[in-house]
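Two complexes are shown next, each including chain A; its partner changes from chain B in the first to chain C in the second.
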Partner chain A sequence: MSDTGAWVADTNNRGRSTAARAAAWRFVLQRASAAVLAVCVVIHLATMIYAARHGLSSEAVVARMHVTPAWPAFYALFVVAAAIHAPLGIRTVVDEWLGLRGRVVDAALGFFALLLLGGGLYAVRALAG
Partner chain B sequence: MSENRDSTLPVRIWRGDANGRFERYDVPRHASQTVLDVVSHVQKHVDATLAYRYACRVGMCGSCAMTVNGKARWTCRTHVDAVVGDAMLEIAPLNHMPIVRDLVVDMAPFFDKWAAAMGAFTPTATRHDDFAQVEPASPQRRAIDATIECIGCAVCYASCDVVGWKPAYLGPAALNRAWTLVNDVRDGAGAARLRAVSDDAGCQACHTHQSCTERCPKHLAPTGAIAGLKRRVALAALKGQL
Partner chain C sequence: MIDRDASALGTARAARAMRRNDVRARSHAAYWAFMTHRLSGVALAVFLPIHFFVLAQALAHPGTLDAFLDWTRRPAVKLAETLLVLALAAHLGGGVRLLLVEFAGWRAERQKTAIALTAAAAVAIALLFALAA
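Entry: the complex of A and B
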C-alpha cells in the first residue's frame, strides 16, 4: 500500500463519520455565510454611495443608524457572517499554501473568529447608540 | 503538414527519476505523426532504455498519458502538429505521481484514492434476484451516462491544481467514480460512500478550476460530478444522515 493508502486507512480508523460531518458542515457554513455576505456587501456599498452622494457627515450617518433597530441588526448579521466566513477561507489557504493543519490551527482560527465577532459586535453596539 | 514532411523535429524528453533532466533528441517528422510515434521512434531507433507505457494506441486504454508541452494528454491521440507548430516538443511524465523512470509514473496513489472514495460497486442483490430495471431516461441513469466512460487515464488527476497543493486530495477521477455509484440505484453503500468523500481531502476541497473538465480526453466533466457530491453530502449533513 502506498503512503496515500496508509493515510486513507488511518483516516478511516479515526472517526470517519465525525470528520465527514465536520467537513460537510464547514462547507455548508462557508457557502451560507458567503450568500449572506454577498447581499450584505451590496447593501453596505449602496449605503456608502448614498451617504457620499448626499454629503452626509459621519455624525449624520450614525444618527440615522439610531432611527431603527434594523440597521444595527443588519450590521450584526454582517459581522456574524464575516466571523464565520473568513476563518474558514483562511483555514483552506494555510492548509494548501503552508501545509498547516490540525487542532492547533483550528484553535487559532476559532480564536480569530471570536476576535472578529467580538470586535464587530462591539462596533455595532456603538452604532446602536 | 505535407510541407514539413521528412524534416526533423527537435524533442526534449524527461530521463531518469524525480532528479532527472530533459534530454534532446532529433526525430524525423512525418505527416499525421502522433506524440506516441515520436516516443516510440526514440525508444526503437535512438535509445532502447527509454521507459514509457502504452498499449492500444487508439485511445481506448488510457495508459499512454504523459505531459506534452506542459499539459497532460493521451500521446496516442495527440498529433505533433496540434501541439508544437514550429516550436520544440517537450514530453515529461504525468504530474502529481512519483516518477518510476523516464516517462513512467507510479499510479498506486491514484488508484488508492479510487478505493478510498469507495469506487467499488456495493451490490444489494444476489444471483437469485431478477435483473434490476433501470429506466434509461431516469435522472440517476442520465447522471451516470455523463460519468461512466472514465477509463482511469489520470489526465484529470495530473491536471488538478488542488492535488498539487494538497497531495491527500482524492482528485477528480476518484470523485467522478464515487458520483457514478452514488447515482446507481443498485448500489448499497449509501451514506458510507458520502462519508468517504467528505473530508478535508474530499469533494469539498475542489476549487472548481475545471482543469479536469477542460483536459479530459473523454470529454467528461468531473467538475460537475464533484459539485453533485458536494450538494449530496451537504444535504445529508443537513438531514443528519451523514
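Entry: the complex of A and C
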C-alpha cells in the first residue's frame, strides 16, 4: 500500500516536473525570441522608413534582398524568432482572457507556429530566390 | 434580520468600493503599458500571416505585389499601416522594458519614466513612417 502510494506520488511529481519543465522552456523561448526580435524589429523599422522614403515597389524590395545574402539570412532569423514568439504570446492571452488551455489549444498554437514559419520562409525565398 | 441587512449593506458597499478600487488600479501607467503590449501583440500576430501571404505573391504572381503596393497608397491604407508601425514600435518598446524588468531588475521609481519614453519613441517612429510613406 505504501509502495503504491509512493509510486503515485512519484508519478505525480514526474508529471508536475514535466509541466514545470515545459513552462520553463516556454519562458526561456519567449524571452530569448523577444531579445532576438528586439534587434530585428529595430532594423526592420529603419528599413521600412528608408524604403518608404525611396519609393516602395516589388522590384526595389527584391533588388535589396539580392545586395547581400545577409538580408535573406536576417529575415529568415526574424521569421524563426517571430514564429516562436507570437504563438507563445497568444497562448498567454487565450489562457488569461478566454480561459482556453490544454492540448487542443497547444496543438492549434503549434499549427499557428508552423504556419508562420512556413509562410515566412516561403516569403523570404519569394523575395530572395 | 437587522444583522443580515447590515451585512448585505456592507457587502454592497464593499462591492462598490472594490469597483472604485478596480478602476483606480487600472488608471495607472503600468496598466496601460500592459494593455498596449497585449493588444499590439494580438494585432501583430493577426497581421503576420497576411503580411507573409502578400510578400509570397512576389514569387507566385509577380504583378500582384505591385498591384497590392498601389492599393496601399490610399490614405486609409496608409493610416492603417501607420497604426501597425505604431503597434510594432510600441510592442518593441514595451517588450524591451519587460526584458529589463525581468533580467536587469525591477526599479519601481523608473517605471513611469520608462513607459513615457516608450510611448514617445513609438509615436515618433510612427510619425517618421507616416511622413516617409
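Please note the rule applied: the second predicted complex is superposed on the first by the 112 of 129 C-alpha atoms of A that agree within 3 Å, B and C clash if a C-alpha of one lies under 4 Å from a C-alpha of the other, contacts with A are read in each partner's own complex, and residues count from 1 in each chain.
In this section, a residue touches a chain if its C-beta (ideal position, glycine included) is under 8 Å from a C-beta of that chain, and two chains touch if they have at least 3 such contacts.
Values in this document were obtained by computation on a predicted structure and should not be read as measured data.
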(request) Please indicate which partner A:Ala20 is in contact with in the superposed arrangement: first for chain B, second for chain C, both, or neither. (result) first
(message) For A:Val28, using the defined touch cut-off, is the partner it touches chain B, chain C, both, or neither? Pick first, second, both or neither.
(response) first
(message) Quick check for you: in the superposed arrangement, does A:Leu127 touch first (chain B), second (chain C), both or neither?
(response) second
(message) Contacts for A:Val62 in the overlay, against chain B (first) and chain C (second): which applies, first, second, both or neither?
(response) second
(request) Name the contact category of A:Arg53: first (chain B only), second (chain C only), both, or neither. (result) second
(request) Please determine whether it is chain B or chain C that touches the greater number of chain A residues. (result) C
(request) Examine A:Leu115 and indicate which partner it touches, taking first as chain B and second as chain C; both and neither are also allowed. (result) second
(message) Just checking: does A:Leu98 make contact with chain B only, chain C only, both, or neither of them? Give me first, second, both or neither.
(response) neither
(message) Counting contacts the way the document defines them, which residues of chain A are shared by the two interfaces, the one with chain B and the one with chain C?
(response) 31
(request) Sort out for me which residues of chain A touch chain C in the complex. (result) 31, 34-35, 37-38, 41-42, 44-45, 48-50, 52-53, 56-59, 61-62, 79, 82, 86-87, 89-90, 93, 115-116, 119-120, 122-123, 125-127, 129
(request) Enumerate the contact residues on chain B facing chain A in the complex. (result) 106, 108-109, 112-113, 115-116, 162, 165-168, 194-196, 198-200, 202, 204-205, 230, 233-234, 236-238, 242
(request) Over in the complex, which chain C residues touch chain A? Could you list them? (result) 38, 41-42, 44-45, 48-49, 51-53, 55-60, 62, 65-66, 69, 72, 85, 88-89, 91-92, 95-96, 98-99, 102-103, 125, 128-129, 132-133
(request) Could you pull out which chain A residues touch chain B in their complex? (result) 1-5, 7-8, 11, 16-17, 19-21, 23-28, 31, 92, 95-97, 101
